[in-house]
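Labels run A, B, C and D following the written order; every chain starts at residue 1.
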Amino acid sequence: MTGFDDTGFQPAECEALLRDMIRIRVLEERCAELYAASMIRGFLHLYIGEEAVATGVMSALEADDAVLATYREHGHALLKGIPAASIMAEMFGRTNGCSGGRGGSMHLFDSSTRFFGGNAIVGGHLPLAVGLGLAERTIGTDRITVCFFGEGAMAEGEFHEALNLAALWQLPVLFCCENNRYAMGTSLETSESQTDLALKAASYSIPAWSVDGMNVLDVARAARRARTMIAGGGGPVFVEFQTYRFRAHSMFDPDLYREPAEIETWKQRDPIETFADWLVDEAHASAEEVSRLWAIAREEVDDAVEAADAGALEPVESLLDHVIAPPGWSVRDEEMSR
Amino acid sequence: MSVETEPVAEAVVTTTYRDAMHDAIRAALHDDDRVIVLGEDVADYGGTYAVTKGLYEEFGRDRVRNTPLSESGFVGAAIGAALGGLRPIVEIMTVNFSLLALDQIVNTAATFRHMSGGQFGVPLVVRMTTGAGRQLAAQHSHSLEGWYAHVPGLKVVAPATVHDARWMLSTALADPDPVIIFEHNALYGLQGPADPPGAPPGPVDLERAVVRRPGDDLTIVAWAGMVPKALEAADALAAAGISADLIDLRSLRPIDTGTLTASVGRTNRALVVDEGWLTVGLSAEIAALTTEHCFWSLDAPVRRLATAEVPIPYPRHLEQHAIPQVEDIVTAARRLVEDGH
Amino acid sequence: MSVETEPVAEAVVTTTYRDAMHDAIRAALHDDDRVIVLGEDVADYGGTYAVTKGLYEEFGRDRVRNTPLSESGFVGAAIGAALGGLRPIVEIMTVNFSLLALDQIVNTAATFRHMSGGQFGVPLVVRMTTGAGRQLAAQHSHSLEGWYAHVPGLKVVAPATVHDARWMLSTALADPDPVIIFEHNALYGLQGPADPPGAPPGPVDLERAVVRRPGDDLTIVAWAGMVPKALEAADALAAAGISADLIDLRSLRPIDTGTLTASVGRTNRALVVDEGWLTVGLSAEIAALTTEHCFWSLDAPVRRLATAEVPIPYPRHLEQHAIPQVEDIVTAARRLVEDGH
Amino acid sequence: MTGFDDTGFQPAECEALLRDMIRIRVLEERCAELYAASMIRGFLHLYIGEEAVATGVMSALEADDAVLATYREHGHALLKGIPAASIMAEMFGRTNGCSGGRGGSMHLFDSSTRFFGGNAIVGGHLPLAVGLGLAERTIGTDRITVCFFGEGAMAEGEFHEALNLAALWQLPVLFCCENNRYAMGTSLETSESQTDLALKAASYSIPAWSVDGMNVLDVARAARRARTMIAGGGGPVFVEFQTYRFRAHSMFDPDLYREPAEIETWKQRDPIETFADWLVDEAHASAEEVSRLWAIAREEVDDAVEAADAGALEPVESLLDHVIAPPGWSVRDEEMSR
């Protein structure tokens, strides 16, 4: 990496990026512990190793851009502005969770920040992103819709249909492919006949390129560029972020399908460590400042766990709530909150 | 077939089910900027069954939007558009093709409100054609309404009169949750008043069954394409001295248990006529539900008349033999009343 | 939970449902070169629920084939492979994802023999996991067996014992038509004998229900994940002096009407326990069918106990509250016997 | 066009190609009449104008290659070897039809010639073709599987999933896109963001090219080349055939969405007329010989109609046949016939 002048990022921006990556990491390390302690249940998919992607992309968005993500979405949710306590409470299944406890780890939602999940049908949320983009275009806003998905999702028919629609209709959607090389235990090479994913996406006649997803500045720069293109009316953009998950697919996964050496190689490129080291090496930050970010993040998560755990379990009597809107509910009630 | 689905006085203007549906969509596009129509061939072609004909010329391609062949994609896009503040009316050509979009409808549209703890509703209307009778064979002729009626989070309706074709849509559009509208392909030519006497023009409720023909000897429950057939059968039965209380279910989810049980509690006999397959079909639900509520007053088990368990065959005589016909309804009703089974 | 699904003598070797399923697949691969296994993560990962673990190492990647995420594509490919002379066993991770492949299963696999006038059969086995209980929430926890049971052209089975897990597969593979096997995720750890005394190792029939526990006071009908719960409930009921005839349905299509009516004709009361949603679920069919046949001998309407009509919520207490539990079965059974409803 | 020596085709081959195009044309013209006369019902999709595609491709296949087509498949069925009488009887819904009358126009099937339909879910048969290819590969035959579909099908997710699988597994499948520029009333431009369909298909890393589908020699040449590549173990191939349907989508279609001038322009390129004219111009055939082909085709169809109409309607008592195999049926019974 080079100096600030070359990167185009200000020191404060860099610190914010580092801080946010650390916040995600600390939140998720704690999730793993809490899973072991049975406080979190169901499927839990950690983003550890991939933090630069969400962090860089989210840094380039406007507050009211819509975001959709997968089941591996804790980091995205956090940076979209959902308090760590609400996220943690959701994973505890408590009423103070961001989905009222109904969704759990895979289904974080927040209407106030326009975070549209936490979607756990692989590929299923890509058409939703197209629709949100269509709504923006029809209503005439200058917001964009950002959709995160794994490289595995690109084999699904819904990817194909969604990209085609977005391109045909020139919608303001940013497709962010988090290529961590595996879909559960299936490697990219056995999942896609064309492993150059940007090339593949370009076949829909949209701008598409690939970026080092372990380098948060590269990610942020790509996202800025993409957002500018989209907001300027250039239609959808696809960006591939090459990254890696340091943990197993989920807490159920014995991770038998990856070579330890491969994991090690990628861990050398830990997006947080490399970025922190660079900041320190270049004397843009001191080791103490970095430590402080970790400490603050830990405090945030400590508080979050405490607040989450203070939350109540929903009484079983209201089990049938939220299936359809209550009588008398009008669509307007929901719109108010968006 | 001479069927009148509502009492028609001399002066009442009649139209077709197709035109009523068309008028409903046109009015919705006119009244609310957020309404858009999308689906395969809804624009230039005018809709497979010509329901949306002329609308793209009037409202433009942005509001009446042709989609490529990609059922999952464009239904999902409609869900997203609903989340984003529009009120999409999405058309799926035939219920068979809706299987391609079922993931979106069941795993997303029907769950979004719940998964988000009530934060995100999906105010979407999905229209699709259903039913057999046109010799379209095994990949175009099915009746899978019962599947949709199984899914919490959805509302499912089946207009069987011109009046309902005209007015159910606006209620559906006002609904904060996804509503699936099943249009039986054989009904498009049905004649009747969009605004029958006594029914002021305007939205109709989506959740109540309606007695289309009152009677005392047995209850016949039908919906969609089976309603005109059941009406014709009821006429024939009346001629034979049997008076049938004919219920048009209208809403397939939720099911209007009150209307069903009020009728069967009085007639003590019920016949359900279902164009879907028998096993685990909607007719099973009607039978089970009615029996739960009326067991002690039933004079005979609820009788189900449904389509034969075969993918719909092409030849007319086999197709007709597979699906319930007027004579089948008459025969089943007579046996129920006269022989008790 | 201490449940034994078959009488187990001292010397009988037990295994788990998972291992039994694994052994069944392994034997099939071993015995017949035409058998291939395909699905997401069936190879290196060993299958989402570890059922196919070790098989690709033994039989190679050509016979145990990882597929990309593309449910419609690889299920369709399995159908094509069946048409081409192979005997594919295709795994879909969870019934919720099977909606993405439903077009292939319903519009193609189930219709091909018919559309071709009997020329082309599809000897395919589709395995998928079903059911709630692991806090996997609204997109991973459903029980849609009833939908598949609706479709002519398919056979649908739900092994609920280790014995059936071990032996249903070979019968399914020998079947000239598509067979869907539902494996309830909560059963994988179930212990029991693959070859219980009196049951010689070998294929079991796919079409008969089995009485897992004989009784006289009421009939309880259950399948898949509800069988162990119903057995536990039957024990509790026995302790309270109520003797339940417990039927494990096993085959969800076709339904073994004979076994059902023989039992209910004797007990005069029936309770159906269904992990699917109530409305238009399989429980409705069992209730309707049983009532049609046993109406005159029933002492009370058939009682349905099913999952609450809500997408499965994440928190354990809500999830458990939504699906039928042992106590719910006991309570419903007692009311049926003691209060007649 | 040029002389024989340049085309690489023998006079007899040319005559066969012309004859087969004419046979399809005559068969279908008669279908249209019989539809008007209510002898044929349901949906009827005519291939008139597109005959060069099926004719050229089928001429390049071996007898036991498998073929799958759409609902617009009368021509493919005929050239695969199903007698015109069986096809006609099927459309009449008679027991002597090639599907026993159960399928009708959209569902012609024949196990003896390995014709796998007549598939009417757009895109739905592409995965089947992949599976058939997988079976050939696994069993170790040198047969290939040929799958015809319209350009409209390329927007479906199943296209995407099927191409990816075929490419990943390098299966012997020939994907033949019949690009007639419309999917019902939806033009290619409003259906595909990338209208260069061969380019699109190439994004799956498979050989793909485009051919003039109105020129039967070009089609045949492309199909030969593709078959050789595939049979040689080169994996799947995609060929786009640019063509046009002279009639409406189906007999229900008022055809409101195409300019009459456009239709006229394409009719000038009628594959039969242009090829016949060339043969006559170049003195490879006489006008009389061409007329004779028409006459023979008419005779074939006259006979077919007569034979078809002599067929019986299936008794309603056997309605439930063919849903599942009869008891005692073994899979072997079916294999025997393939």
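Quick note on the criterion: a contact is a pair of C-beta atoms (placed from the backbone, for glycine too) under 8 Å apart; a residue touches a chain by one contact, two chains touch by 3 or more.
Since we're looking at a predicted model, the values are computed, not measured.
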From chain C, the most remote chain by mean C-alpha position: D
Pair joined by more contacting C-beta pairs (A-C or A-B): A-B
Chain centre separation in whole Å, for chain C relative to chain A (CA means): 37
Between chain A and chain B, centroid-to-centroid distance (C-alpha), Å: 41
Distance between the centres, which are taken as Cα means, of chain C and chain B, whole angstrom: 31
Length of the line joining the C-alpha centres of chain A and chain D, rounded to whole Å: 46
Sequence positions of chain B contacting 2 or more other chains: 68, 70, 72-73, 96-97, 100, 103, 107, 114-115, 137-139, 152-153, 309-311, 313
Chain A residues counted as touching two or more neighbouring chains: 101-103, 107, 119, 121, 155-158, 160-161, 164, 168, 190-192, 322-323
In the complex with chain B, residue positions of chain A that touch it: 66, 97-103, 107, 109-111, 116-119, 121, 124-136, 138-139, 145, 157-158, 160-162, 164-165, 168-169, 321-325, 329-331, 333-335, 337-338
Parts of chain A lying in touch with chain C, wherever the complex brings them together: 41-43, 93-94, 101-104, 106-107, 119-123, 152-153, 155-157, 183-186, 190-192, 253-254, 256-257, 313-314, 316, 319-320, 322-323
Complex interface listing, chain C residues touching chain A: 40-41, 43-46, 48, 66, 68-73, 96-97, 100, 134-140, 308-311, 313-318, 321-322
Residues of chain B that touch chain A when the two form their complex: 34, 36, 62-63, 65, 67-68, 70, 72-88, 103-104, 107-108, 112-121, 123, 152-153, 155, 174, 176-177
Touching residues on chain D, where the partner in the complex is chain A: 155-161, 163-164, 167-168, 190-194, 199-200, 202-206
